[in-house]
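Take a look at the following structure, please.
Per-chain residue numbering starts at 1, and chain names A, B, C, D and E are given in the order in which the chains are listed.
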Amino acid sequence: MRTLADAGPDAIQLSPGEAPLLQELAGPHKPALVLRTDVANVYGASPPSTLWSELVEDAVARALGLDAACIVVNLLSLPGEPELYRQCVRNVSKLRAACEPLGLPVMVEPLAMKPGDAGYGVNGDADTIVTLVRQAAELGADVIKADPTDDLGEYGRVVEAAGRVPVLVRGGGRASDEEIMRRTEAVLQQGAAGIVYGRNVVQHADPAGMTRALMAIVHEGVSAEEALAALTARA
Amino acid sequence: MRTLADAGPDAIQLSPGEAPLLQELAGPHKPALVLRTDVANVYGASPPSTLWSELVEDAVARALGLDAACIVVNLLSLPGEPELYRQCVRNVSKLRAACEPLGLPVMVEPLAMKPGDAGYGVNGDADTIVTLVRQAAELGADVIKADPTDDLGEYGRVVEAAGRVPVLVRGGGRASDEEIMRRTEAVLQQGAAGIVYGRNVVQHADPAGMTRALMAIVHEGVSAEEALAALTARA
Amino acid sequence: MRTLADAGPDAIQLSPGEAPLLQELAGPHKPALVLRTDVANVYGASPPSTLWSELVEDAVARALGLDAACIVVNLLSLPGEPELYRQCVRNVSKLRAACEPLGLPVMVEPLAMKPGDAGYGVNGDADTIVTLVRQAAELGADVIKADPTDDLGEYGRVVEAAGRVPVLVRGGGRASDEEIMRRTEAVLQQGAAGIVYGRNVVQHADPAGMTRALMAIVHEGVSAEEALAALTARA
Amino acid sequence: MRTLADAGPDAIQLSPGEAPLLQELAGPHKPALVLRTDVANVYGASPPSTLWSELVEDAVARALGLDAACIVVNLLSLPGEPELYRQCVRNVSKLRAACEPLGLPVMVEPLAMKPGDAGYGVNGDADTIVTLVRQAAELGADVIKADPTDDLGEYGRVVEAAGRVPVLVRGGGRASDEEIMRRTEAVLQQGAAGIVYGRNVVQHADPAGMTRALMAIVHEGVSAEEALAALTARA
Amino acid sequence: MRTLADAGPDAIQLSPGEAPLLQELAGPHKPALVLRTDVANVYGASPPSTLWSELVEDAVARALGLDAACIVVNLLSLPGEPELYRQCVRNVSKLRAACEPLGLPVMVEPLAMKPGDAGYGVNGDADTIVTLVRQAAELGADVIKADPTDDLGEYGRVVEAAGRVPVLVRGGGRASDEEIMRRTEAVLQQGAAGIVYGRNVVQHADPAGMTRALMAIVHEGVSAEEALAALTARA
């Protein structure tokens, strides 16, 4: 946690059980807390027969207590799972209503999945993502965190479907530094407002360097090539 | 949104996520907001095995916050889907109870559907629409938004089933200007109180002209023929 | 509504959407309002696979607002439909608890049905009705509205099962004036406290005359024969 | 009711709809009211496919209003019916929580049933009863009302499983006066704190005599033989 | 209860119905109360077709009333039972939210089970336990009570998955004194914070001696060998 915080990302996404670790860090310049508010059973190599996504009880009160800057909730669309989608619509809708009077922003994370080699994997189909992102916007998301489309050239459609809602891009599976940098540059050029990366930072050999390189692309307009060079120079 | 608002319709129907766009428009003469309060999964080419229609959480508080003039909710009747209908009855009933002390009008949108080429399509059978409209009236709808009957000559029965509740007519699928104008004239002659059109205005080459032509029929008693001529003259 | 009200029945049973019509009538001598508080999908020629009976939201507040003298709710018993019965038990129980502190009477309408030629029809079996009526009484009904038994001579058992709760008799399907008068006389002789007729009054050629004839039997002890003669004399 | 009350039992168990009858009796020495708080559909010759046991709404408020000395609720265990058992666990738990701050005692009635000739009958297996009684005690029952075991000699195990919670014994099906007296003596000798009999008193030719004979065994330590002789002497 | 309390364990885990027994003990040095807050139907030789785990109503208020030092709730993972797991996630989440403002610690007891000879038995697979323990930590457990892994050498992974949350080790099935002592020593060496044993203490021939021997290992760093010798010396 210390290492990640010192790398200086804008925010870190944590579960209610992990969040106190961030809160307990000393010092004035901590990243903002994005609190995950739901638990789902769609992950893993052998997903069960009934899929669900449950909101943490009193998620908004918990977010206030933990001084979260934002909360995040999934909008999961899996083939043949209308009840899962229904529950996610309810989850988003409940959080939106609870956060409205508090001014606490709600980040919605539309996530289309499809059967993969082991369990479900990300579905990068642009049409599917666009439909989900539009639904998230209609439900009143303040920020949308969406997967990159398989065809990166289609990402502008995702941004357009979100309307006036800023879109942050998920990192997706583990990829090479070069691919990550290029993808980041591509989605930003098509209107994405930022990025939310997990494994590609946390599991990187140099998380701090990776964080700084990505932030340079997002905040300073550095090119993918320059950022990659700066990262490589640290090694 | 600016374009639509400038065309001067009486009202625009928007979701909670879209409604702030209308609210943020400057100027004193904005159309009234009709806030959609439910999300359903019955649309699209491949409807899922379980169909549902969920109310947005705290829909009435949201409507007040967004300064809505009216809220709208579906009463969906699909063959072999009694649970969907049940949920819609609950939705209407909940909204009616919540709006009663506030004086906020509830528009109920009875919508009979049947299996079509791709997913469900509108069912224009007069008996089915009449039964649904009567149910909406018994539940206490303040306004009813109903589909045109396949046989336009039967529309008077729909108006009669609504009793003292005014009936607005839905636009249905994309049709020629002439058909739209004639249909509008026909349902108004049989007692409909107004119209609520979507694609036939928004996707029209001249949305402002179409809006004005239709409003002339509704508010000024202009004939379909005259309205069509006025619209054509703009082209 | 005016016609019916002028006929001077003691009360009229209406849905929440219809009730304002009665309230808006001018004049001091209006019939009392019995407000229907539930919506069921068991009627019609093709009942769906899942049957339900839903309470109108905030039914008791609605009843107070509409100045209802009594509310009415079904206790539906259909073969092979334990969930429907369960929901009705819940409905009765909820209303009873909500009305207790207000002193608002709850009329329970036990209704046994069985598969008929088209959809479900009334089941006039005395044992079945007696069991249902006893359940209604145990749940705390203030008034019970029960079907006539196929064998009218068994109606005393229904009255007995209700204990100290007064029993009003439903009209059942459309029948001849003579049959209606005789049935009314028979059930009153066995202890029924009154009648609640629908189609046999509303669809009668002379609703006002029919209402007066029936009220004479109930309130003035006029015989079926005399009442029939008085009705015929109006024609 | 008058007859039963005059016989002077310690308490009478009634449903919410029947209880006012007791309350309306004049005189200072009325039996205490034990209010039944649930409705189940497990009884009768043809139990339905889905079994349930529903709490009466606001049962505790009703009990206070009716001046009940105790409330009673079932804990039903039927083979292959885990949802029924689950609902009963919820029912007991809800009542226990609601009664805790009021000091109103909760009598739990564990009832093991098994398929019989017509519908379900009582299951007198000692192991099954012991398990159920232990569950009732763990849930916080103040009093437990349990069936006699088939082998009366095992009743001590039931009393032991209840721990510090007093056990009252249910009457079971109709039996001869002699059998009833002997059974009563036997269970009391093994630690039962009292008895709760229904049909064997109410349907007896001499309910008052039967009540007094049984109370003599319970409260005065009279033997079964003596009590039987006293009862016979009244005939 | 007196015997167990006199043996001086740090705490005793009891159901709401059993807990008053502890509270009623006289004297200043009673063990702390850990209140069990759920009831499940997964135990026993013939588990039913639908498995569930229900929270006791108002469990936290009950815990406060009983002066509990901690509450405990299960997180049950059984193969092919996603609804059971979902309910447990809800249970943990509800308790966590209710205890947050009160400062009452929540002990989560992740319990992986698998089909055994008769009903379900404990699943000691390290990967499964690690996943469950991580989930418990993310949900915000204050203390985690986890089974020993089949391979005791893997227990460090369990402790690591819990992060900053202390892990107490469950006793598992009945085993020899020697095995119990060794296992206790092993898990403590890998970072476990303590132990929670049931049958291996309660069903022991010398519960007080067993309790003291185990507490010597946990609190005084006595070796398994020494503790065993001390216990044997009492015999």
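Going forward, contacts are C-beta pairs under 8 Å (C-beta built on N, C-alpha and C of every residue); 3 or more make two chains touch, one makes a residue touch a chain.
Just so it is clear, the model here is predicted, and its values are computed rather than measured.
Asker: Work out which chains are contact partners of both chain C and chain E.
Answerer: Shared contacts of chain C and chain E: D.
Asker: Minimal path length between chain A and chain E through chains that touch?
Answerer: Steps on the shortest route: 1.
Asker: If more than half of the interface residue numbers appear on both sides, call it same; otherwise different. Which is it for chain A and chain B?
Answerer: Under half shared, hence different.
Asker: Report, in whole Å, the distance between the mean C-alpha point of chain A and the mean C-alpha point of chain C.
Answerer: Roughly 58 Å, centre to centre.
Asker: So, what's the distance in Å between the C-alpha centres of chain C and chain B?
Answerer: The computed centroid separation for chain B versus chain C comes out at 36 Å.
Asker: Give me the residues of chain E that touch two or more other chains.
Answerer: Correct list: empty.
Asker: Line, ring, star, complete or other: which one describes how these chains touch?
Answerer: ring
Asker: Note which residues of chain A are touching chain B in the complex, please.
Answerer: Checking each residue of chain A against chain B gives 80-83, 85-86, 89-90, 93-94, 96-98, 100, 135-141, 163-165.
Asker: What does chain B use to touch chain A in their complex?
Answerer: 15-18, 21, 39, 41, 48-52, 54, 56-58, 61-62, 65
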